[in-house]
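Input: structures, listed below.
What follows is a pair of complexes built around chain A, which joins chain B in one and chain C in the other.
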Partner chain A sequence: MGHRLLSYLLAAVFMLSGASAFAAPTIKIGALFSVTGPAAFLGEPERNTAVMVVDQINKAGGIKGKKIELIVYDTNGDATKAKQLVNKLIKNDKVSAIIGPSTTGESMAIINDVEKAGVPLISCAAGIKITEPVKKWVFKTAQNDSLAVARIYEYLQKNRLNKVAILTVSDGFGQSGREQLKAQAKKYGISVVSDDTYGPKDTDMSPQLTKIRGSKAQALICWGTNPGPAVVAKNARQLGLKMPVFMSHGVSSKKFIQLAGDAAEGLKLPSGKVIVADLLPASDPQKKSLMAFVNDYKKHYRAEGDHFGGHAWDAVMLLKGAIERGGDTPAAIRDQLEKTRQFHGIGGTFTFTSQDHAGLGKDAFVLVEVKNKDWVIVK
Partner chain B sequence: MIKHPLCKYTAFVALILIIPFVLKGSYLINVMVFVGINTMLAIALNLLLGYAGQISLGHAAFFGLGAYLSGVLTATHGMNPWLVMVAAAVGVGLLAFVIGFPILRLKGHYLAMATLGFGIIVYIVFNETVDITGGPSGLSGIPNLKLGPVAFDSDLKNYYLVWIVTLLVVLLAVNLADSRIGRSLRAIHDSEVAARVMGVNARLLKVQIFALSAVISSLAGSLYAHTMAFVAPASFGFNFSVELLTMVVIGGLGSIYGSFLGALLLTLLPEFLRFLHDYDIVFYGLLLMVMIMFMPGGLVRGIPALLRRMMTGRKKGETVDA
Partner chain C sequence: MEQILQYSLSGIATGAIYALIGIGFSIIYNATGIINFAQGEFVMLGGILTFFFLDILQFPLWGAIILAVTGATLCGLLFERLAIRPLAKATPINLVIVTIGGSILIRGLAMLIWGKDTHSVPSFSGDNPIAIGSATLLPQHLWIMGITLAVICLNKYFFYHTINGKAMRACAYNPRAAGLVGIDVKRMVLLSFVISSAMGSLAGIIIAPLTMTAYDVGVMLGLKGFCAAIIGGMSTGMSVVVGGLLLGVLESLGAGLISSGYKDAIAFIILLLILFIRPQGLFGKAETERV
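Moving on to the complex of A and B:
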């Protein structure tokens, strides 16, 4: 079989290599989202939002007369694939900037490539490692977990609850939360008296909660994304846990309230402002962006706009601002991104500097409580 | 048709050498680096599954162990990457040798379960030992390999690096398959009892091939870590073990070049299905199903049969054996 088979393969390789097109002058923007796979709950709204916003910009005449061409690839939540695709975006599609990926792991995997190629990247993942230490070409829009932890701890300090139990999921999100919860406790005069974890697919957390019930903790903080925290909420209710329960911003969507049902009542959590957009006072600087995003998303996709979509909204709009101020070359975009001041987006109010490529402050989060199956803002 | 193994190998080497010139400047060079790594892994699994007939659903674990050993020891402890690569391969090989004795006593479904369990244990260790591995969000800062003045920091250089190792692995595997050991393995595959009666030390041989398979996987893992400069546990989970199994079966059980075809197809195919957008996964699954239905012997046997049929012009009444 040998050489004939190989020569056919070779022919196939030849054919595939000639595929590159040339079109009218557009601004090419690449996007890597994990639309399928375990992180699809992040990637899908991100992709939807990015497509929606770019359409809107193009319908309004583009940026400085040039249309945006958005090239979206699905990474499947896989770091290896993200690495291959970022190379495709840079070398094949020759994009001016890249938004995404959706997860911290994928973002970390491609940082080297964008740094080497000199293409600005606006990650939609939350991991603090992405922008700390600062990398020249890498920015991000998702709020740091440290800000969410600070919100909870401030509230606890104010209410004189200084012994907490933490229960975190054993994945990237929970790991980062756990580190932050332990690191910041001292600053707020809080001690972590019980530190437990659960697996992302666990269906019963009674053992951990029984242990926590027996501890001296005055409050429980659970750090995870759906569905784990809903199980924790239900188990806590079954066990008659009296202490107040706090969740992370990882569950700040209606889905969580549906999953946890009655057990969600009274839970508090830090959250970006999207879910309470209509409750915000008109004086809130983000109100205009938030309402625009929420209404547009509902109109386009008949679904609630969420934080994850918001990260992509911010990324596209930050790029738009940068291109409007400077040019559309990668270097110009990067320099202008770094000069972004007081941009009122979905995730918060962004101010990038050469020392801060995450750009958000504590005001990015509000503390919300579940009441009558809906959110209210805790004052 | 070239039948002689040496000619086949030369043709294969030539193909690998030509590819970078064909793909000059394309991102596909980067994808081909991963095709090389996957080829090594598929060959490793094929030696075990295709030749010795022993299934493993935990091969991603050996791959991951190699990658993490290289990653942690070079990035965190600053050790010499080449030494670490060799040491990791030896260490992983020894581990496989030790666990191989009890595990490979099992047969069929039970062996599948045991290897699956091993894979899951290793995966959990990667996730939970946050202080060492960096946990679920991964370990970054792994240096590129260096050889004297040459740093393997570009796709093209990595292509040559990975493929030189892969070609050596292919050479080793082809020779092994065609040796006394290869024949003994096939004998075990067909009937372990008969093989033992004929004087083959089946138990030891199975463990040895399991260990060799682990060594190759570990080597692939080290190369993966240095070319990616980043590792995360998600790349070494159960899904990847199954993907490797698919590569071996789609490519052709018991064929070294088949493993290359399987790795090539499964790594490249998603790239060319991207135009289907959200439907690419459906089409991908469908294509694999169709292939396994109509080419049960794998691509390596199916494609030549298909070509023969096309060339003979589908003369009526004539059947072509697949």
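Moving on to the complex of A and C:
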């Protein structure tokens, strides 16, 4: 008995001393991701990636000798919860910077809180209004829809297709795409001759496509996330639609090809570079980051790294760069983030300025085509 | 105007599905007097179980279909046994709420088992479109129309020429009198759940290659089937079929000719109009005893 008691005591002493050894100063970074709930397909890879990257940084000795402590909270995709948790991060955990949330709605909900507290936020959501107009403490890594639209229109202009039909899903993503498609058309000498929508749960889009088939359109642009565009692709094939069909970056994953099957062949869409990382020429400045991310993610989670994980990768790496250059106080991180120039990340090449907290250009997207159930880059 | 043909053909194919689901609603309504709002979930189960047996357990397509119908029917049977029968003294409104609860439970379990992703199911016989005049159809559309027709004929035969079918009709007219002449009313209620879950799952299976399947596809399809049943006056015969086809065609025409934004609105405007103006259904005679 006496021995056992003694060993317990010893263990307790060791644990205490161990704890104090670990209490060396760390840099606390908060993360809000919707790991569960309707936006889990965003939040889960984002969380996984952030944890993975922070682990790697710590294993390599941290940033300027300080380890990073990542505090992740799950928002359920709920804006109210995001607001509570951001306050917890700021007031209780006293973090130096925050990455996330995953969705535009949640990001908009917490902007006031980080602005008031003066903590830099790097959102992983795509909504253009997060950084437009520019907020002092708010940055983002996901590409704006407007860049994807510009990519398609550029291609259409080059190939002299100037009458398009648009078919957009009636949710936030589709609406934002529809606005951009209509707003930018003129700049590229393109006219929208048919403007239709479908519901996110619709199971048959052949009426809309029949109408488009009868219109003067020379190309069809469909804007939505799975599964709607796969149904559109199947219906288009059934109706023998002759015009080239373009999809949005919302379906740039293997899942789409799997859902649409043969009907996906020949479809083109703008996409971030993750899915074609291995096809990029070695001269592409993002190639190194992309390959590192894709390989690491595969090794850690036995799954393909995707765009969403990439947003979190960019957020962590941007913070790392800023802390290396400046220091780990919130104000120093913010100032250094704004001075980021030509950072070749996953989502694109970031250059933040005091007028631009989204930081990406058109080169963030490549136009890809589905061939033999895989992606090829359209030159 | 040549587009009208395409709109109509697309509408008929979708409408056939609505009809199958609608008849499922009617069968249970006639046997028990309740609207089974879990009907859409059996449609979902049909599609997702086919995916499960085909893609994950690697059964051949026909085996997967039979197993999926069996699985969904078993769920229907369990649902009646565990959720409906124990509440023998419940009022119809209680039972309706039980079915809503049941539908949420089934959907939740499907989400836990198969995840939130959409899954695709291959077509029964290829994807090469068939031209009919200026319009095109897929072989799968023919399957849908053919199977719907076959099921309706079987249904008719069952209800008018077999002893169990006649007994079920007797229960629909007057359960008390049916009980008095020796019909086991409880067994008929169970049978109605079995038949309608089998039909619902079949609808889910034949449409899955076109629309793909996920844990939450049952909600909208269920509601559309309910509209078809209301238009047809909750009968188990042709009027629900006509109701379903009418709904499908109007939806398709509305989306093509007026605006695609109103597609779902059309179904529900028709539903409301029928409930306001002709609650006995488009073709039914006003009955005084059935409120």
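One rule holds in what follows: the second predicted complex is superposed on the first by the 355 of 379 C-alpha atoms of A that agree within 3 Å, B and C clash if a C-alpha of one lies under 4 Å from a C-alpha of the other, contacts with A are read in each partner's own complex, and residues count from 1 in each chain.
Here is the rule we go by: a contact is a pair of C-beta atoms (placed from the backbone, for glycine too) under 8 Å apart; a residue touches a chain by one contact, two chains touch by 3 or more.
As the structure is a prediction and not an experimental result, all values here were calculated from the model.
A.B. asks: First (chain B), second (chain C), both or neither: which does A:Ser170 touch?
C.D. replies: In the superposed model, A:Ser170 contacts both chain B and chain C.
A.B. asks: So, A:Gly127: does it touch chain B (first), chain C (second), both, or neither?
C.D. replies: first
A.B. asks: If we overlay the two complexes on their shared chain A, which of chain B and chain C does A:Gly118 touch? Say first, second, both or neither.
C.D. replies: A:Gly118 contacts neither chain B nor chain C.
A.B. asks: Check whether A:Lys88 is in contact with chain B, with chain C, with both or with neither, and answer first, second, both or neither.
C.D. replies: first
A.B. asks: Which partner does A:Pro227 contact after superposing on A: first (chain B), second (chain C), both, neither?
C.D. replies: second
A.B. asks: Would you check which partner chain A:Gly189 touches, where first means chain B only, second means chain C only, and both and neither mean what they say?
C.D. replies: Once the two structures are laid over each other on A, A:Gly189 reaches no partner at all.
A.B. asks: Touching A:Tyr73, do we find chain B (first), chain C (second), both, or neither?
C.D. replies: In the superposition, A:Tyr73 touches chain B alone.
A.B. asks: In the three-chain superposition, say which chain, chain B or chain C, touches more residues of chain A.
C.D. replies: Of the two chains, more chain A residues are contacted by B.
A.B. asks: Go through chain A and flag every residue that touches chain B in one model and chain C in the other.
C.D. replies: After superposing on chain A, chain A residues 170 contact both chain B and chain C.
A.B. asks: Which residues of chain A touch chain B once you look at their complex with the stated criterion?
C.D. replies: These residues of chain A touch chain B: 1-6, 8-10, 13-14, 16-17, 35-36, 38, 73-74, 77-81, 83-84, 87-88, 90-92, 104-105, 108-109, 111-112, 127, 129, 170-172, 175-176.
A.B. asks: So in the complex, which bits of chain A are touching chain C?
C.D. replies: Those in contact with chain C are residues 40-41, 170, 196-199, 201-204, 206-208, 210-211, 213-214, 226-227, 230-231, 234, 237-240, 255, 258-263.
A.B. asks: Looking at the complex, which residues from chain B come into contact with chain A?
C.D. replies: Of all residues in chain B, those touching chain A are 1-3, 7-8, 11-12, 15, 18-19, 22-23, 25-28, 30-31, 34, 127-128, 130, 135-138, 140, 155, 228-232, 234-235, 264, 270-272, 274, 278, 280-281, 300-301, 303-304, 307.
A.B. asks: Note which residues of chain C are touching chain A in the complex, please.
C.D. replies: Those in contact with chain A are residues 2-3, 6-7, 10-11, 13-14, 116-120, 122, 127, 129, 131, 136-138, 207, 210-212, 214, 216-217, 219-221, 251-253, 255-257, 259-261, 263-264.
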